[in-house]
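Taking it in order: structure first as structure tokens, then the write-up.
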């Protein structure tokens, strides 16, 4: 057993342990520990990824002295490593970019709690990515939920607490359904490890006993996870939660937390139930319809929104709709497109949040479009970042968004169910144009110059890169990441494909 | 000042109440009369909120209510509410029916041929004692076979405490508000010295603690374990706090204690488990003696882990209570 | 009755659990009062425990604690659901604590427990 | 080596423009104009280098799976590229003087150069993906030119332009996805790359895609349902910008239509189907409606914009006929209209620059004030109307001939009629300006007449363009032969 195979275990335990240790550290050390741990996890995941691409396939890691059906296990393949890598990069960048705002918005005595929460969030995300055991997945889903709630309401004004309550209610409903589904799955199969469950599920479907309860169970689990990841009818909590929490939290929530649940859903589809059974059931069609609704609804309500951060949040409702639409296509290509969209959206949306906060800072912290006029000149780097993000969202070539849109469209056109082709392509077109409307409106708005006298009278302060080197660096890294995803998408798509093959 | 006087005469009244013979008191209770001066045994809580504030809140509340639910002013909202109610009931019914259908297809309860009782359960039951050294198979399972879940679980407790800390800990510097406000708030949080409560607490708390410790230590031999025992000890702490107030309990339990105890136990838990995971994954011998089955000192790591979990849970329970009560320790 | 499967009669306990689950779900979703929502959450969780307990139970067997050295499969019930219940209880305890503390904060700030009213107040604050 | 030159031809202007944008010091308009002129000349040298010599192709890189960025220099590309370069150089000469009155000229010239580079890429694009890439880039980089003045209406116009173009582009993109299954490759090859085996039985889908693509490119070309942006965007842009907008940018929609219809789908698929009918109808409607709108319009630049709408639809009509002579006519009209319309816009710009008059009814006696400009204007309008021997006549002749000899039943007759009517209308809305300008009538007081002639930097481009408009008509031999060569390859 090569030493690199310890990486998943190490990265989970390491991030957890750092969270535990941070509880007794003062905030400065906690901050450094947190940064170091995230960087380390990223580096290790990169190492693991290179190793797995070299040898191919995937491996399981026994958590304890007892082999498969008895003890816990974690499992790592190329896709998991890629996810861990990108997630840790994005988490690091979001934290760095929002650090200054964190100082302003959260009282200093609670900073180390903030870092505990981020450490545990990272560990739970890693566990969701790597785990091979359904019940472990449930426990870490709960950790994920609680820490996300903490991240929302650590900046304490009424809005965030109310948003946290709404978020908790929704995600508790989701995890209730998920837990019930897991218990029923256990009841039907007698196992909790994914691979064993899959075997017996195949057996059950083959011999036809328990077919009805199996389908209902799959439905329960799917609905639970899609509630937790804010699919269209269940998104009421999202705009407030993302729009008013402190910016790093917003970036991490929108780009990582919901994506973690979606990735777990993919794992369940492939490794627990078996994708063929899923495709034969109608669940994917339901997801498809809701995804399309989300794409339209999110974009439309983003257009009416007058507050830049709420607008970005609504746009992420639409993006989650894209992902589920990709599931709904029910083909391998659609799944690949969705996974790529997960990465793309994670990268772009966090960049949008971070640069939006830069723009609002130079407009006396007001997030309304009227005040944002000309902020692109007051804070050049944030303006550039926001522009790049918007272009990527609109799907201009050379940026990440274009690739994922093309993947979706190719998947849709190559789909063998012709009834799905036209809805997909038409809704893609409509929602892309809607994206263009609200994002480019914002971009033009921030580049319309404001009368200098008015600026002086408003007392807008100008952004000096020398003052905030870290922020500028973060935005540049985000742009680089986006361009990498956009230009060199080929190897990444390749990794995703082989990863999905390893899954099933 | 007059608060103290009230307390004094209330104590006097209670003493002369005690002077009266018990028989008389029972007889009066049978007659259905209430004790004299019973109304003095009221908690501070009602006295502290003065009427004006309450009145303001009430009016404001009513205004908001009609503002929130004025059906006649925005009919759409009214329609939405009604639709919402109906939809709610329908969803609930639909969910229940689906689940009933589901359950009616599930394997029958209590039959020994369910898929649930397969080689996994068999292995746990048959080799559990040899593998883990724990007589209590469930404890052996959650702390050795499936220890990763349990570790995550204690982290759930930990992070929940962190979030409650965020919400309820008031980081006000004591110097900020004036001394009498300070005294007032303390009197608000402190219960009145209730003789009955204190006497009973004096008797009960040691027993509760001992019982809790027993449950923790026998976690691998009998029903119970870290979580239940920790909950018991936490209940004891809470009882003590209610009886004697914060000053007394802060002599031996402060936030710092909480922090370090939970940190220490979680750290030990984390390190021990990572050691056993690592050795397990690499098929090494984790040279930890399992000891003789049935003895207290047995079953390898399970006993210390139980103790750690117990400490964490006890501290957490107490911390929850203290935070809700006062916003600090 | 066509809808229902064969074990409708024998699984009566689980059906109780399911009805409880539905009730808790609806309460958590549709109650306006936060405390009632939390009660609904707890009902939901306990219904899951009831379900698990029913699952673990096997006719006429003992609790899974080895008594005088008998280690026969046919002596003890299935231990796994009990472990799951343990985990679930701890999770629900922490979640309940979190929800309650959120409620306390909201009440201190807005002197009400009604979520809609709270959002109306937020709009009034224009925050 | 050749490939390097090809890349340089695209990248050099972009880099120059970026450097100009990033330049710290605020230069005077003249200096900027000189610098950008120099850059343009260098780029033009590269262009000449490319034009001479056999067609070459170049695989640059690949955006993700089977999305290669591929350039291929062919005859049409050369034609468009040379037209673009010509107009561009002259427009920059003009801008150097004109932009004196405008704010931040640095940005204007910078983006002007960048757009040129992008257009080169568009002309050389070898497959549909690359074409789409540069098409989007063109849209994005021209927006700053449109909303240069950044007044409220400029910004609304910019938004309108952006949304129209983007929605057109998305129509193209999504029909590209659809088409992708039925084509052997997306590279442009005369006669179309349709994979007939795969296309068997999917003709409806393919026709729908073709229609969508034509509509999508028609947005840029201002075809009837989606012509709204032209009349909004042109007047607010500064004169050189609007000159290149309606002279060149709009032509890129035409280029796209040619590429798709003649080199991806293939004319044979479309001929005689409903798609051709729809296309012909729309373009004829646009021809007529554009002229009518222009006739009723009072503001000079808007009038010119509407006239662009109708003139471009001449070209589209020619393309839609799918017939050699008509195609020749269209390509000729592309060249001629580029010269003529930019000349007209520059004239309008000169008038605005010197006198500040925008409405046609203010222009009485303008011919006395700035005769040279108005003479150029007159020549250009005659050419556009199609008075022989000026250039417009040739292209329209070819168009009419093609229409008559094309097998399309109704349009064979209807087309020439509409063309004639709109030619009359063209005369009706262009010439009055110069008539009133030269013959103001008795009540015009010659006492207060001052000569406000534009200076040389403006006059040279204008006069050169008008001369071109005249001479290309008289000595049209080589051009016509060149175009006919192209047409042979295509049909």
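In order of appearance the chains are A, B, C and D, and numbering begins at 1 in each one.
Note that a residue touches a chain if its C-beta (ideal position, glycine included) is under 8 Å from a C-beta of that chain, and two chains touch if they have at least 3 such contacts.
The shown structure was predicted, so the numbers you read here are calculated from the model rather than taken from an experiment.
K.L.:
Which one of the chains is farthest from chain D, going by Cα centres?
P.N.:
B
K.L.:
Go ahead and note the Å separation of the Cα centroids belonging to chain B and chain C.
P.N.:
That pair's centroid distance is 16 Å.
K.L.:
Using mean CA coordinates as chain centres, what's the chain C-chain D distance in Å?
P.N.:
69
K.L.:
Would you mind pulling out the distance in Å between where the CA atoms of chain B average out and where those of chain D do?
P.N.:
Between these chains, centre-to-centre, one finds 76 Å.
K.L.:
Please work out the Cα centroid separation of chain A and chain B, and write it as a whole number of Å.
P.N.:
34
K.L.:
Going through chain C residue by residue, note those that touch at least 2 other chains and give them in order.
P.N.:
5, 21, 25, 29, 55, 80-81, 87, 91, 94-95, 98, 102, 105, 121
K.L.:
Of all residues in chain B, which are in touch with two or more distinct other chains?
P.N.:
99, 101-102, 105-107, 114, 116-117, 120-121, 124, 146, 149, 153, 156, 159-160, 163, 167 - these are the residues of chain B that touch more than one other chain.
K.L.:
Which chain pairs here would you call touching?
P.N.:
By the stated definition, chains touch in these pairs: A-B, A-C, A-D, B-C.
K.L.:
Give the list of chain C residues in touch with chain A in this complex.
P.N.:
For this pair, the touching residues of chain C are 5, 21, 24-25, 28-29, 34, 37, 41, 44-45, 48, 51-52, 55, 80-81, 84, 87-88, 91, 94-95, 98-99, 102-103, 105-106, 109-110, 115, 118-119, 121-122, 125, 127.
K.L.:
Mind pulling up the chain D residues that touch chain A in the complex?
P.N.:
Per the stated touch rule, the residues are 61-65, 67, 132-133, 136-137, 140, 143, 147, 150, 155, 158-159, 162-163, 166-167, 170-171, 173-174, 177-178, 180-181.
K.L.:
Okay, in this complex, where on chain A does chain D touch?
P.N.:
391, 394, 396-398, 402-403, 406-407, 409-410, 412-414, 425, 428-429, 432-433, 436-437, 440-441, 444, 448-449, 486-487, 489-490, 493
K.L.:
Please output the residues of chain A touching chain B within their complex, sorted ascending.
P.N.:
1, 6, 9, 13, 16-17, 19-21, 23-24, 61-66, 69-72, 107, 109-110, 113, 116-117, 120, 123, 127, 133, 135-136, 139-140, 142-143, 146-147, 149-150, 153-154, 156, 161, 180, 184, 186-191, 200, 210, 212-213, 216-217
K.L.:
Show me the residue ranges of chain B that touch chain A in the complex, using the header's touch definition.
P.N.:
98-99, 101-102, 105-107, 114-121, 123-124, 131, 144-149, 151-153, 155-156, 158-160, 162-163, 165-167, 169, 171, 259-260, 262-263, 266-267, 270, 274, 276-282, 286
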